[in-house]
Every structure is written in C-alpha cells, then in structure tokens.
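A, B, C and D are the chain letters, set down in written order, and residue numbers restart from 1 in every chain.
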Amino acid sequence: MSDLRIAVLGVGMMGADHVARITSRIAGARVAVVNDYLAEKAEQVAAVVPGCRAIGDPLDAIADPDVDAVVLATPGPTHEKQLLACLEHGKPVMCEKPLTTDVETSLEIVKREAELGRTLIQVGFMRRFDHEYAELKALLDAGGLGQPLVMHCAHRNPTVPPGFDSSMIVKDSLVHEVDVTRFLLDEEIASVQVLCPTPNPGGPPGLQDPQIAIFRTASGKHVDVEVFVATGVAYEVRTEVVGEKGSAMIGLDVGLVRKTVQGTWGGQSTPSFRERFGQAYDSEIQRWVDAVRRGADTGVYIDGPGAWDGYAAAAVCEAGVTSLMSGRPVDVQMVDRASVWGGGL
Amino acid sequence: MSDLRIAVLGVGMMGADHVARITSRIAGARVAVVNDYLAEKAEQVAAVVPGCRAIGDPLDAIADPDVDAVVLATPGPTHEKQLLACLEHGKPVMCEKPLTTDVETSLEIVKREAELGRTLIQVGFMRRFDHEYAELKALLDAGGLGQPLVMHCAHRNPTVPPGFDSSMIVKDSLVHEVDVTRFLLDEEIASVQVLCPTPNPGGPPGLQDPQIAIFRTASGKHVDVEVFVATGVAYEVRTEVVGEKGSAMIGLDVGLVRKTVQGTWGGQSTPSFRERFGQAYDSEIQRWVDAVRRGADTGVYIDGPGAWDGYAAAAVCEAGVTSLMSGRPVDVQMVDRASVWGGGL
Amino acid sequence: MSDLRIAVLGVGMMGADHVARITSRIAGARVAVVNDYLAEKAEQVAAVVPGCRAIGDPLDAIADPDVDAVVLATPGPTHEKQLLACLEHGKPVMCEKPLTTDVETSLEIVKREAELGRTLIQVGFMRRFDHEYAELKALLDAGGLGQPLVMHCAHRNPTVPPGFDSSMIVKDSLVHEVDVTRFLLDEEIASVQVLCPTPNPGGPPGLQDPQIAIFRTASGKHVDVEVFVATGVAYEVRTEVVGEKGSAMIGLDVGLVRKTVQGTWGGQSTPSFRERFGQAYDSEIQRWVDAVRRGADTGVYIDGPGAWDGYAAAAVCEAGVTSLMSGRPVDVQMVDRASVWGGGL
Amino acid sequence: MSDLRIAVLGVGMMGADHVARITSRIAGARVAVVNDYLAEKAEQVAAVVPGCRAIGDPLDAIADPDVDAVVLATPGPTHEKQLLACLEHGKPVMCEKPLTTDVETSLEIVKREAELGRTLIQVGFMRRFDHEYAELKALLDAGGLGQPLVMHCAHRNPTVPPGFDSSMIVKDSLVHEVDVTRFLLDEEIASVQVLCPTPNPGGPPGLQDPQIAIFRTASGKHVDVEVFVATGVAYEVRTEVVGEKGSAMIGLDVGLVRKTVQGTWGGQSTPSFRERFGQAYDSEIQRWVDAVRRGADTGVYIDGPGAWDGYAAAAVCEAGVTSLMSGRPVDVQMVDRASVWGGGL
C-alpha cells in the first residue's frame, strides 16, 4: 500500500512538530502538502521535506486531489470552517484541540459528521496515547481498582506565553483533564466548579493562577484538579484514581504506583527485554536507517556500535569463559585498534 | 528520497520483530526481501508484508540489486560468511550480536571493513539507544559524576530457553554488560574474573546460575556484574556508576536517580510537555495514520477521541469559565448523544 | 531530678498504649496512677506496672498529691470536667483529641487556662511530632517553597469501628487534617465545605464515605482533603504543599519528595550515620537495658550480637586486611563454636 | 524495679551520645558513673547528668558497687582488659565495636565468657536494630525470598577523620557489612577478597578508597561490598539480597523494596496509624514529659499544640459538620485569640 499523503495545516510549533514526526518517525505516511497563514513559513517547511508542496489556501489544501488526509494545527477560530471542508470532501482529519472554540459550533460539527455516518474527525487529546494513562485505563477496565470513586489531578506548567488569561487556563489547560476524566471514568461530567485561591504573587499579573476545578460526574463521582500554569518549576501532570479495591497514581516519575487491598504498594515489573527495550530497538533501527540513507554522502553507514565493538565484546567474553572454568582473573587479549584502522576513523 | 530497501536475514523471533518494526514504525525504510533457513517461514512473512519477496539463499539476498541494506538476525555461526558478503557488495548491515562466534573471525571482519575504509557494519547492542542508558552516558560525558570509579551491574532474566549452558551466560547475557561498560566508561576492559556462587537450587540442572563477573578496565576501574538468567521473577537490568562527585543509578523503575555532593537524591523533572508526551504524540499519529489507511475498508477513520469528545470538552469548559466568574458549581449543558448519532456507532 | 509521676486516665487501646510507652520507652517519667471507668481494667494494668496504683475516681486521680501530671485518654464527653480539674489543681495535662466535644466548652477551657496565665494543656495532635511532617514544616519555615499556595491531603483508613457515622468522619478523622493545615500554614481556616460523592458501595451502609473537604484559609489559600475511612486497603496519610518555589509531598512511602525551581525532584540524603541509625542506637540500648534488668532471672544479659559475633568479625577483618595487601582471596580462620561453648547456649 | 545504674566508659562522640541517650530517651536506666582518660571531660559530663559521678580509673568504675552494667565506648586497644574486668565482676557490658583489636584476644574473651556460662557481653553492631535491616531479616526468615543466593552491599561515608588508613576501611567500615552478612545469611564467612580499583583522585592521599570486598560464605553464597569512605556525598548504606523467589533491597530512601515472582515491585503499606505514627507518639510524650519537668522553671508545661489548637479544631469541625449536611461552604466562627490571652503568650 502506498504512503498516506497528508496535508498539515498550520506549521507553527505544534504543526512543525507534526511535520517532523510524520517525516522521520511515522511509517506509512508522508507530508505531501503544508499550509500556513504565513505563506513564507509554509514554503520554508516544504523546501526541506522531500516531495512536499506549500499551498496558499487551507481550503485548497484540503480539497487537493493529492491529499488523502489532513492534520489541523491552525488556530482554533479557523477550525470550524476547515473541519466542515474536510467533512465535505470526505477527508479524514486529525484536529488539534479545541474542536472549535464554542459549544454550538462543536455540536454543529458533531451533527454534520453524524449525517455523513462516518467518523472522519479525530481530536488531539494525546494523553490517551501516553503509556502511563493507557496503563491506568487498562487497570480500571480490568476492574483492578473496583468501581472508581474519587480522582485527583494536578496539571502544572512552568510558564505560559504572554497574554495567557484566566479563562484560557480553563479552555487550554483544564480541557486536558476534562478529557482524561471522561476517558478514564467513561462517563460525562455533570457539573463544574472552579475555585480561585490567592494567586501566586510571583505569577503573571492579573492571572488567577492556580485554579482548583471540581467535577461531579453523571453518576456522582468526585474529581478535583489543581491547574497551576506558571509554577516556574517543571511540567507535571499527575492523576490518582481511588477506587473500591485500592488506588493507583501516575505521573510520579516512577510509573504507575498502585495500592492494593493486599496492603502493598508498588508496580509491575517488566516481564521481558521486549517491553524493557522496545523503544531502544525502535530508535536503534530508525537511527541506523537514517545513517544508511545519509551514507552515500557521509561514507559512514552506522550510527551506533560498530565492528570494533563486536570484536571487543568477543575478546572479553572469551576471557570470561576461560575465567568461568578456572575461577581466576584472566587478561583480555586484543590487538591495538590503530594497527587495524591506522589513523583513520 | 525513496525508502531504503532492506533485506532481513533470519525471521525467527528477533528477525520477525525487526520486520514488523520496519514495516509499522520506521520511517524511510521498508522490508524488500526476507530470508530464512526455513524457506516456508520466509514465504509466510513475505506474504503479509506489502512489496516483500522471499529469497532462498542468504548470499543471494545480500547480493540482490533491489536490496540497499541488510539486517542480520541469523544464528551466530553464519554471521562471518554473511558479513563478508555484505562487505564485498558494499551493503550496510545491522548485525545482531554476536559479530561472529569467536575472537579471531571477529578481528578478521574488523580488518576487512578497515581495508574498505568505510564503516558498513553496526552491531545490535541496543542498550545504547535506551533512554536511561543514554541519559546516564550524557551525565557522565558532562562530568556530572566527575571521574567514574566503580560500576555495579545486575542482569536478570526470568527464564532461559532449554539448552542454555553456563558459557552462554557469558557469551549471550554478560556480553551486554561488556558493551555497557565499554560504552559508559569509554575504555577497554583489561581483565575479567567470573565467580561461581552456589547455584540457584530451583534453576535448570547443571547451570552455573547466578554468576558474578568482575571487570578491571585499562585504567583500573572496577566493574561487577551479577548475571542471573533464571530468576523466575522478571526482566531486570540495572547499572550504578559511582564517581568522584556522586553516583547515579538506572533500572530502578524510577528513571535515573542521582546522588550528589550537595547531599540530595533524585532526578530531573520533565521540562515541558514535549519531553513528557513525545511518545504519546508519536503513537497518536501512527495509530491515526494506520486507521485512516484502513478506513476505506472499515468506514472508521479514527483511532482515538472523536468529534463528540471535542464537543463534550467544549461544553465542560464553557461551564468552567462560567464558574470561574461566579465561583459556584455550574451544570454542564449537553445534548443527548443518541439524538445526534441515533443508534449507530 | 526524680521521675515525673503520671496519672493515665482511661486505659482503653490508646491509654494502654500510653502506659506501655511511658513505662518502656520514655525517660524521666513513670506511670504512678491509672484510672478507668471499668475499675477492673485499671486494676489489671496497675498490677503489671511497677509502683503503679489504680484509683477509682478520675477526679481523685487528678487531685492525688503523688501525681505530677495527667494523660487524658478518656472518652471525649468527660474531657471538659477532667480538664477543669487539672487546671484547678495546676496539673499539666496531655489530652487526647478532642479537647472537648463542642466549640463552646472548648472555648471555656481556653479561657480558664488563660486566666491561670499558664499553658498546662497539651492536645494530642501527634502528627506534628512525625518526622515527615516536621521535615515539611521545617522546609516551609525556611522558605524552601516560597509562599505556600495550595495544599492537597488524603486521609485513608482501612476500616472503621461499628457505629462510625458520617459526622464522625469530620470530627474524628478530618480533625487531624484541620490541625495539619493550621500547623503547616500557620493561619486559621476561614471556611469549610464538605462534598459528598457517591459513597463506596462496599463500605458500611449509610456512611457517607469518602468525603471531600475544602478549606479556605484566612489569607485565601486552598486546601482540599480526601477523607476515606473504610478503603479496605491500608492506613495512608499524604500531604502535598504547592508553593511559589516548588512543591513537596510526604506520605508517599519515600520520605519527603520535593520538586524545585531548578527542575529536579527528590529528597535529602542522610548526612551521617547518626541520622541514619539514630533509631537503631536507641533501640539497641533500650533492648539491652531491658535484657540486663531481666538478666538475674534469665541468666542472659544481652539482646543482640554477642562476644562470638565480635570474634567472628575480627577473624573476617583480619583475613580482609591480608587480602587487601595481596589482592588474593584469603580463607577465614576461626575455631569451631562448639569447642568453646560446648552444647550450651 | 529501680533503674539500672550504668557506667559509661569513654565519653568521646560515641560515649557522649550514649550518655545523652540513656539520660533522655531510655526508660529504666540512668547513667550513674562516667569515666574518660581525659578526667576533665568525664567531670564535665557528670556535672550535667543528675545523680552521676566521674570515676578516674576505668577498672574502678567497673568494680564500683553502685554500677549495675557497663557501656564501653573507649578506644579499641583498652577493650580486652576492660571486658575481662566486666566478666570478673559479673557485670553486663555493652561494648562498642571492635570486641578487641585482634582475633586472638577476641577468642580469649569468648572463652572466658563461655567459662562463666553467662552471656554478659553484647557488641555494638547496631544495624541489627535498624527497622530496615530488621524487616529484611524478617522477610528472609519467613522464606519470602526462598534461599538467599547473592548479596550486594554498598557502604559509603562522606568523609573520614585524618589518619584513617586503608586497613581501617576494612576494620572500621567493612566490619559492619561482615556483621550484616552473618546476621542476614545466618552462616559464617569462609573467605574474603579485597580488590583495589583506581583510588578516588579527590580522596585523602595514600588512601585505597574505594575498596571492593568479596565474601564467600561457608555454603558458597556470594557477597560483594563496595566500601567507599570519602565520597564527599552522603552517608549511604545499602543491601540487596537476591534469592530463589525474588529480591529485596533496603537503603534506597524508599524503605524495603521487593521484587517478587509474581512480577511486581514495591513494598508493604502501613496497616494502621500505630505503625505509621508510633515514632510520633513516642516523641510527643517524651517532649511533653521533658516540658512538664522544666515547667516549674519556665511556666510552660507543654511542647506541642495547646488548648487554643483544640478549640480551633473544634470550631472548624463544627462548621464542617454543618457543611456536610448542606453541601455548601460554611464560615468558621472563632473568637479572636487576643481577646482571650491578652497580649501574653
């Protein structure tokens, strides 16, 4: 099957990240078209991505016959029109949050998609793909905590850009916890209360930061969220679910930590090297592929340990096996590297 | 640039993993050829990978003009001949450990590659690509521990396959710590001693397990390694480096933990959402691309949150902003989902 | 100075604990008198504590000229009268919570003590003496987190006794967090809100459990507390303070963990063996003292390592010093234990 | 029973600690006599301990009829003679390590005690009384790890006093791990090897630091110990036992962490407040007793929360119960503190 040809609309920080991601780390897809309201920026991006064009009008980009699917990283206010165009052309679209900037137009989009009878729109709540959230969800689905009862969340950013106001803390930051709540608890949020403690005196003037949000779900579960967007400290998101049969917390720098009715705390050990080093294998191969593709230019076809490292390992292991037999220290015998490679490499 | 066409030689567990990896998660490459000494197995793999052929003879696969590079996942004893063929044809090769099965032939390979003057051979010591090892290496290179002095390693597997003997613990397991030592300390190992404590009575009969290996490096640093391959517990690798200015440990289920001369223990917080959720973004996009590519068949073009989730988030946030103003609980207003989507989806 | 003669009033679980504590682990005090509304129980306790009498009337016990100070572990409703008696006789009193069972009588006690101009009454909020809370308080006082802004607490018990009702969750459990809040933030609580999520279906029928309490302090700081008294899991109390310059959490099974504006997480290492093993030294000496005091009866005057252990250590160290010189393994030379001690001991 | 009258011989750092400990934190004992080869120092200590005399000759102190038991904190070379005197007078003695300074005299002491047929001598290996070591020992004794197979120890000090030489690392530091090994594994050490890696260039000149000791026990178990006494970092002792059924580590700033054959890592949760706050209760009462004893002089008979704190807690809880009924925020009603206490206290 040929690669999916994607149009990325908006190539600011988030959109540019997506272009780099699709180009360098995603199998089965390539960026065929980019668009930005700053035409020059789009041209610059297109110039460095093989086989990629810039198109000046976002709706043209969506309609382009050589575009199979769309990534929307444009400002929120433009989403409605662009999403409708995607639906009209039957183009699948991955839309960064928010869907649209208000409830009415969001509902309108939902209705249009429903009329088509096809789910073409995905929204960029990426936490559902994080391994810790996924692990917590799996634990809940498997009944590992029994019925969830209470959830505590913290959402902390070190800083916010200039102009970030108190309601953006709700719409841009808290919104992630809204989705986390709905995802983990599998029910809608019925009411919201936002409390405003004394603001951080060292924070941006006029900003109500931190805020405490309290959700009550349809079935009566309690969720509280500390949103603190200018801590000056670090990026930190944390979720704890307290259920009938214990509790579990993620975001503690230690993976998922669970408390059980058996009176233990802790986590799951890695069953095998595949789970432990899966990411390493992926990186190893991706970096090797990249090095080989650059090799004709560089003369170096590796990006990692080479034959000398294989030889050195063999020499040490041979000495090791000898010592295994005798129990005594054994010197490792190796030729001098320079005698093989000369001054080169 | 067109995709790198790779021949994967050997499609047992490790080779099959590499085929799946290159096909589904690696950008810029595809598996063009597979080979296995069990011809039928290679045929089966080729049948499910788009654009992939099986070739019966490994040397023919290496020589094939439609192969740009080779992944070697064949048994160790065949490596020498296959690596020489790769060098002869100037094909870059990613060779699973060991390079070859003895020191002499390993050195021979090193010399042949040196004669070519190009580094074509990479060896599969994948730990160098693991983020914890990479972080520890970066800390050492930055002088964060001062001069490293002592290193402690543990390498534990839950089980080994039948037929795994005492010298394989050295050659197949300890070999990883050999490379970790050389990688982290940036010097050769000068002597090795393998100690044999009372074996685990519950382990495979006749196997000297655990073993304790002691390395002394060229400059006199001490490294000890516990290799225990049939613990019955879990997969666990751990490395602690003790240096002039503190120590650091990885493999503790908590990321890199460092002790400093300032008298603190702990780790580095995540500076931003990009580091924290980089993996989530990659997975999100990869799964979305896969869903879109399947969409013509399935009618579902998403694999994640949809428009309804975007609408629900908007409704909650709108209530949240209202509460932010009033401080009071605000009910969330949402239409009934069934009223939009009917009985479907 | 002679030992403080203490009357312990109420020898239920908590009072009996105090009797054992004062008798076995507290220097400079002894239990001279015990009292309980079950006279027989007091007699039983008095019988096993050297130099201790039972007195039938609590007010007589307080007034007794051979009582220097009082520990009150009686039911809450009796506290008012007993505290007033202590004040009247000028006897220092350590009063288990609550001070009294309502605000009016509590204020009355405060006023009476103020009239005396001496602080005779201490209340049993023991968390202030826990090393983690003390460490957190010290960090706050030293300005390590800057101005505290938000505080999150969790208070979880595995079970509650029969008859424990919803308002007791406030008065008996939440009350600890009330004191923790006032202690750590050094200001009064201005308003309280208690939220009632869907109760744990597996909990005691009719009990509103968990409860979520929200405190707003005089200066506007936010504190939330999850009180969940029948989790079925374990005893768990946790406090996180989020301030201008970072955050710190205790109760995580890992000591105080702090996040700093330098972007690190972690804790303080132990500076010396005195901090690390202070408890061990105390236990060692207390157990040795106890063994020696029992020695005339038992013939054994130790409760710990003996002379043989000292000899064995000397033998191993002597071999170690020899090996230090030679670098080679050295056999340890020891006589056979039975040759010294025969069949005995 | 009257208090045990103890003679503390040697009031340097360790001995002075013991005097303070027995005087302030140990029930059932008091320091009756002190001695030091610096007579003035002993006099100074005696002057501040109620009922304590200085005696100039250590053997006189041991023989004194008003001494029931002896704590030996004198220099090692004097131990032999002093221990023999204790045995001669039948006085129980708690002897700081070492027993004596060589194997021969240690054995002589063992033999003399054996001839008496009473165990009068305890040796100050205080780690056996540390709660982490005790917990690990209990886990081993309960078979929680199956048969122990391998043990890894690290013993790190930030600094050593001037004059500390390489063999003292064995005799003064490693000796603790000798006892830990014998205690945890319940068997003798059969051979020792001390390895000398490149010394820490920043350490004391001429000192072989770090050292690596390798013990082989009578039954063939392997123990390795890193002893690193001038790390410049912190005090850190760590022990990991690897057994047939999993492993357990202490000294990681997180309590005992265990890996099990069930594939989990973690620890035991605290079952109840008694385990969690036992230390807090002890400290609370000890500090209260001390305050009351000082009260006649100071006019303050508490060292902790007072009646006002009890009143404040009552006021908050009353508001809490009101909110529990209504679900709404309730203001806390309290009188002004100054209205009660005036300007005082």
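Throughout what follows, a contact is a pair of C-beta atoms (placed from the backbone, for glycine too) under 8 Å apart; a residue touches a chain by one contact, two chains touch by 3 or more.
To keep track of the chains, here are their UniProt names: A, B, C, D = Inositol 2-dehydrogenase.
These numbers come from a predicted model, not from an experiment.
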item	value
Centroid-based (C-alpha) most distant chain relative to chain B	C
Winner on C-beta contact pairs when A-C is weighed against A-B	A-B
Approximate Å spacing (C-alpha centroids) for the pair chain B, chain C	48
Whole-Å separation of chain centres (CA-atom averages), chain A against chain C	44
Distance between the centres, which are taken as Cα means, of chain B and chain A, whole angstrom	19
Residues of chain C touching at least two other chains	195, 214, 216, 233-234, 236, 253, 259, 263, 265, 267, 269, 271
Of chain C, residues touching chain A in the complex	146-147, 149-150, 152, 154, 156, 195, 197-198, 200-202, 210, 212, 214, 216, 219-222, 224, 226, 228, 231-234, 236, 242, 244-247, 252-253, 259-261, 263, 265
Chain A to chain D touching residues, read off their complex	257-259, 263-269, 271
